[in-house]
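One structure, as structure tokens, below. Some questions next.
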Amino acid sequence: MDLAFSPDEQAFRSEVRAFLEAELPDDLRHKVRQRQELAREDYLCWQRILHARGWIAGSWPKEHGGCDWTPAQRHIFDEECHAADAPPLLPFGLQMVGPVIYTFGRPDQKEFFLPRLLSGEHWWCQGYSEPGSGSDLASLQTAAVRDGDDYIINGQKIWTSLAHHADWIFCLVRTQKEGKQQEGISFLLIDMKTPGITVRPLILMDQGHHVNEVFFENVRVPVANRIGEENKGWTYAKFLLGNERAGIAEVAWNKKLLQRLKEMAADTPASGDRLLDDAVFSRKVAETEVKLTALEYCNLRILAAMQEGSPPGGEASMLKLLGSEVTQAITELTVEALGYYAAPYELADRTPGSNWSPVGPDAAEGVMGQHLFMRAITIAGGSSEVQKNIIAKMVLGL
Amino acid sequence: MDLAFSPDEQAFRSEVRAFLEAELPDDLRHKVRQRQELAREDYLCWQRILHARGWIAGSWPKEHGGCDWTPAQRHIFDEECHAADAPPLLPFGLQMVGPVIYTFGRPDQKEFFLPRLLSGEHWWCQGYSEPGSGSDLASLQTAAVRDGDDYIINGQKIWTSLAHHADWIFCLVRTQKEGKQQEGISFLLIDMKTPGITVRPLILMDQGHHVNEVFFENVRVPVANRIGEENKGWTYAKFLLGNERAGIAEVAWNKKLLQRLKEMAADTPASGDRLLDDAVFSRKVAETEVKLTALEYCNLRILAAMQEGSPPGGEASMLKLLGSEVTQAITELTVEALGYYAAPYELADRTPGSNWSPVGPDAAEGVMGQHLFMRAITIAGGSSEVQKNIIAKMVLGL
Amino acid sequence: MDFNLSEEQQLLKDSVDRFVLDDYDFEKRRKTSNSDDGFSRDNWKTFAELGWLAVGLPEEYGGFGGPVETMIVMEAIGRGLVTEPYLPTVILGAGLVAEAGTDAQKESILGAVAEGSCMLAFGYAEPTSRFNLADVSTTAEKKGDGYVLNGHKSVVYGAAAADKIIVSARTSGGVRDNDGISLFIVDNNTKGLTRRDYPTADGLRASEVEMENVEVGADALLGTEGAALPVIEKVVDQGIAALCAEAVGCMEMLKDETNEYLKTRKQFGVPIGKFQVLQHRMVDCFIELEQSRSMTYMVTLKLDEDTESRRKAASSAKAQIGKGGVFIGAQSVQMHGGMGMTDELKISHYYKRLMQIDTMFGNRDWHLKQFAALTQ
Amino acid sequence: MDFNLSEEQQLLKDSVDRFVLDDYDFEKRRKTSNSDDGFSRDNWKTFAELGWLAVGLPEEYGGFGGPVETMIVMEAIGRGLVTEPYLPTVILGAGLVAEAGTDAQKESILGAVAEGSCMLAFGYAEPTSRFNLADVSTTAEKKGDGYVLNGHKSVVYGAAAADKIIVSARTSGGVRDNDGISLFIVDNNTKGLTRRDYPTADGLRASEVEMENVEVGADALLGTEGAALPVIEKVVDQGIAALCAEAVGCMEMLKDETNEYLKTRKQFGVPIGKFQVLQHRMVDCFIELEQSRSMTYMVTLKLDEDTESRRKAASSAKAQIGKGGVFIGAQSVQMHGGMGMTDELKISHYYKRLMQIDTMFGNRDWHLKQFAALTQ
């Protein structure tokens, strides 16, 4: 047993750190640090920089343009990126549809989609959830009816993150109504410019435009845009959900958020003391840090197992549960640290590029918005309740 | 709206207080205060004193030997008794079977049983639970087969509190196997001296002998000892359970326990400080006291409603839930307050009348034992999970 | 011991409940909240006509009722998520004047509040004070008959709409001394007073109020010079009781809405209310509500007891309400799933208000600390 | 990064696991625990023969292995709820000697420990010290070449069985000074040393150790006079890591037993494991166990890092283990219903041990406070 990273891994860490030092633009750093909403161009700017360095897809095989990094390398890369306040990489293309395409796609699909995905030319979004199917994903109703070489799509997706930025959407659609729900689903790649697609913003409680409803009205999609076999989409969907959960613990990001919280509490005057010196507040921070440490070592154990070839099973659900709880604990404490200054809430606060200055201390910027948006992480991607059902069944056999 | 007790009620409080001052024996006070296990004679001694004063059955109608006190009077009586460290009144006779007898019993049953119950001549215990029927009470299997003027009883009861002290047991037995479970149950009164009854101690985790298994092997019970109709026992059982839950919040007792905790924490040295001055410990005590205050006012609201004639419904389940949580919180904190001195655990500690002196501070006596025994209160009398099921169904309609 | 409303109180309750039901549905509330003022002056006029702005004020100045009546109004305000600045004007502002004002001040202000022609706000917090009401850096120096005020008051709810802002300022003593704090009634348009107005996360309006050499007359002093802290504490405790009632209104609405959602929303072929985990969660919400309601009655009925008893009541009630409100709010969002996250459903708005209520006048940590100190 | 055991470690694990499985079933354990000594000297001999009493000791005195090997043994001790005083003798007692002893002390004690002929105990707590290792009122005054000890050591586990008791005593400084603490090795039969022995709630044995003018020679001093605190802290951190492993053994046993009970116990016609609330509760137990195991690996692998890093590791691990252990213990009792309350089922015994582990070497509150101070 040994906690140390290998010399190679340590060298890799230095390399990543030097790269970030040199290449991460200051304005992006600042925006991330100040919890500002990122514009489409902000994401793409960072994607292009990483793409130029060949580091845009750490987990992908080299043949498809990835780095084929070990789990430990990915972990190191993640840690360094978050420590440097780099923007997050959106998962929809890189973690979700990309691996589906290179695993199940035809050669022409790989050739067309993968390079564009990596370069940022294609921005992807995810068409899974529907109004009637939340936790019960397989009950989806969006229908695809065969018409010659096309499918004609009618239906609605919901909670589609950043669909308003997207060039393409990958969709689960129903191609068969009979039999088991899971057995009539197909997996389609759809150009967002196709006539009949309407994107309607769904404003969330932080008043931000993160997600959308996407309506399909007689949308024609070439059958050639289907991944794999008709009615086998559930297989690809589950594969994708498995990938979605890798890295779900968000250890590096949580560490960064916790560090910011501690800095803020050290700077916050609390009637003559520093807030961080308040016994009860500092205990809550310590409790959260202990929980994060436990999560970190759970994550490392699972990474080590993956490195030896064991795929994560129910453990991924555990990481998702714990990671989301830790994040919510940190954002709640961050709001609490601000006291009354958590209340001021101007929309400008969340608008990219505004010249607005926050009310109260600088560190107050974006805190409430982030907290409110983070209420979603115990709901999206399989709610906490669903994750517990999964563990009860898969791990405990109940 | 008004929180004040009426002048009559305040006068009643003074009367109770003066009575306790004059009549409660010091050795009983001391035993209760030191959390010592009470002997059979301790309970009976106090019962006889109250009986002589005519205050043994506050809630009973006057015609049956009770006081017909209002809910407010009962609340006041309870508060004063606990404040004075009076021993508890055991519920099995006074709260449970007594009201069943005077509500559903025949005149001859009332005449025989009620005076003996009140005087303490008959010590009652409760034969409800069975090994196979815990939360699912109605699934009980103990069989009563008619044979002339007798029933012949075979089966087993479990968790029978203080059966080793009891003269009589009231039992739910199965008189019919067909049909709905609830419709084949009868309610019998059984003399513990009847041949065929064996009482086997069940030692609990505090190493105390509180509960027993009671075995019935061809036990003959006169049909005349049945309450009400054959196969209607479930009705009487539910009536009894309803009464069991009145006063279940144990507000007065919890207040006393909390006060003891605060005294102890004020006396406990914690490396140069008083433990009560520790910000985190005192906060936990404060949280518990707030919870107890909320419980107290929930209880008062329900008492006030009862005073106006509304029987408690699902609210009783709420009181039971909250009361047991508060008690466990207090006993946990009391153990915590002792630090290392919670560990010493000699059986003498729990044996009535021993000359043993506790290890560590005087206040350490009985603390761990009480904490361990109190783990049962979220299990017995309908587990917390069952109480929540009841509220979900009865109050929320889920 | 009696938890029933009198006949008059029941009439008041019917009246405010009807208003919220008929005239304050969620869509209207959203429009009102998003308007420039963040509330409706028409509604304010209605409040005045129906007498609600006189609740809790002294009878000699046209007022009626006391803590119970205030509780009734505030609970309805909570149910409707009403954005009109009732708390800053009627409870805090008029409360301070009623408690400490001269006859002349009462005469000129309380009647105007009751008839809707005067709105008030109370600036007590400062950037470094956190929740300590005695931590006052703002200074008031004597100048001639009057005073010169300098300082910064933080997150003053209702300040933009207020005709007069009441501020705490230090006339003597060190920054955190209990003695030496005074109250001043400052006209909102006084020279040297500048505001930065902003919406708050819970859809209300607040302001940073900066005073630079603001000159006020002797008649601006509210109460005895240097002895304002007990007055502030008393009125803030009244504010806490009112907030508790508002929170109970919010919580009850969330409990009802979420319970209904559990019965109607289907997943895996059954209403999600059939899942035991959600049933028990809903029970936890119900219990938090009942506890919060009990504590609200308790603090409301103890507002006129002695100081220590009142402060214990206020701190314990606030601690419960803060915890219960945030719990019910967060769980209502969670049980509504994605829909709970949206701006278009009312759920998240109640959650945001309950979060704010937890912070206002000191959060759980603060009040548990006060309570611990009072009960040791 | 590697969380696998080496081949030798796996062999050790197989050996201790087999012993617990074959020779330490619950009935045997109960008898042993209820015997006069509270443990079995035969078992102790077996431990010696199998080499377990040498684990973690320096190789030059017959020892082998390090923190990982200790973790392996302690986890099995947890699973079996083993009552033999392994922690007081091998980890604390021998640990102190190995850390601070002279060659002569190591020579005379460590070999004897390894071969099972010497048992040890460590008295560090006092009636007023609570969890502060530096709070030492016991005094050691120089007398000739030796020392005279006076004081009271609280709840010394394993003291009755110990041949030698190591105690902390103050040779200089004030009661809570970090400097001025020394360690002494005192023969259990020394004149002036009296014990009150008693069983503990978790079925072990401990004692109050009082010293009245106990005279010891110069060779009783363990380590440098007045400089014992860092030694004590280091060895206590090793004790914490060992306790964490023991707790993981307890928790795993409870998790497995309770999960099995949920599958077999029927109520309302179905196994109670079909109730979603119990499923999720069991998931919470599983997660607490996984977190506790991860933290145990962490602290075990960080015992040899610098002081600050080691102390952070120990305090964070102890805080997690205390919380997780008590949670799993209490929930296992609750999910077993009445049966969980009984003395005859093993469940409650694990709960009692986990409660004690939470307290030992400082409870959650204490370690969260230490951790907060170390990470600010």
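Letters A, B, C and D name the chains as they come in the text, with residue numbers starting at 1 for each one.
The working rule: a residue touches a chain if its C-beta (ideal position, glycine included) is under 8 Å from a C-beta of that chain, and two chains touch if they have at least 3 such contacts.
Please read these numbers as outputs of a predicted model, since none were measured by experiment.
Matching B-D against the pairs in A-C, B-C or A-D identifies A-C as its interface repeat (over half of contact pairs the same by residue number).
Of all the chains, the one whose CA centre sits at the greatest distance from that of chain A is B.
We define each chain's centre as the mean of its Cα atoms; on that basis chain A and chain C are separated by 38 Å.
Look at where the CA atoms of chain B average out and do the same for chain C: the two points lie 43 Å apart. Centroids of chain C and chain D (each the mean of its C-alpha atoms) stand 53 Å apart.
The set of chain A residues touching two or more other chains comprises 278-280, 283, 385, 388.
Residues of chain D found to touch two or more other chains are 275-278, 280, 365, 368-369.
Residues of chain D that touch chain A in their complex: 1-5, 9, 68, 259, 262-263, 273-274, 276, 278-280, 282-283, 286-287, 290-292, 294-295, 297-298, 300-302, 316, 319-320, 365, 368-369, 371-372, 375-376.
Only residues 275-277, 280 of chain D touch chain C when the two sit together in their complex.
If you check the complex, the residues on chain A that touch chain B are 278-280, 283. The part of chain D that touches chain B in the complex is made up of residues 125, 127-132, 135, 154-155, 175-176, 196, 198-202, 206, 208, 266-268, 275, 277-278, 330, 333-334, 337-338, 340-344, 348-349, 351-352, 355-356, 359-360, 363, 365, 368-369. Chain contact summary for the complex, chain A toward chain D: residues 1-6, 9, 72, 262, 266, 276, 279, 282-283, 285-287, 289-291, 293-295, 297-298, 300-301, 303-305, 307, 315, 318, 321-322, 385, 388-389, 391-392, 395-398.
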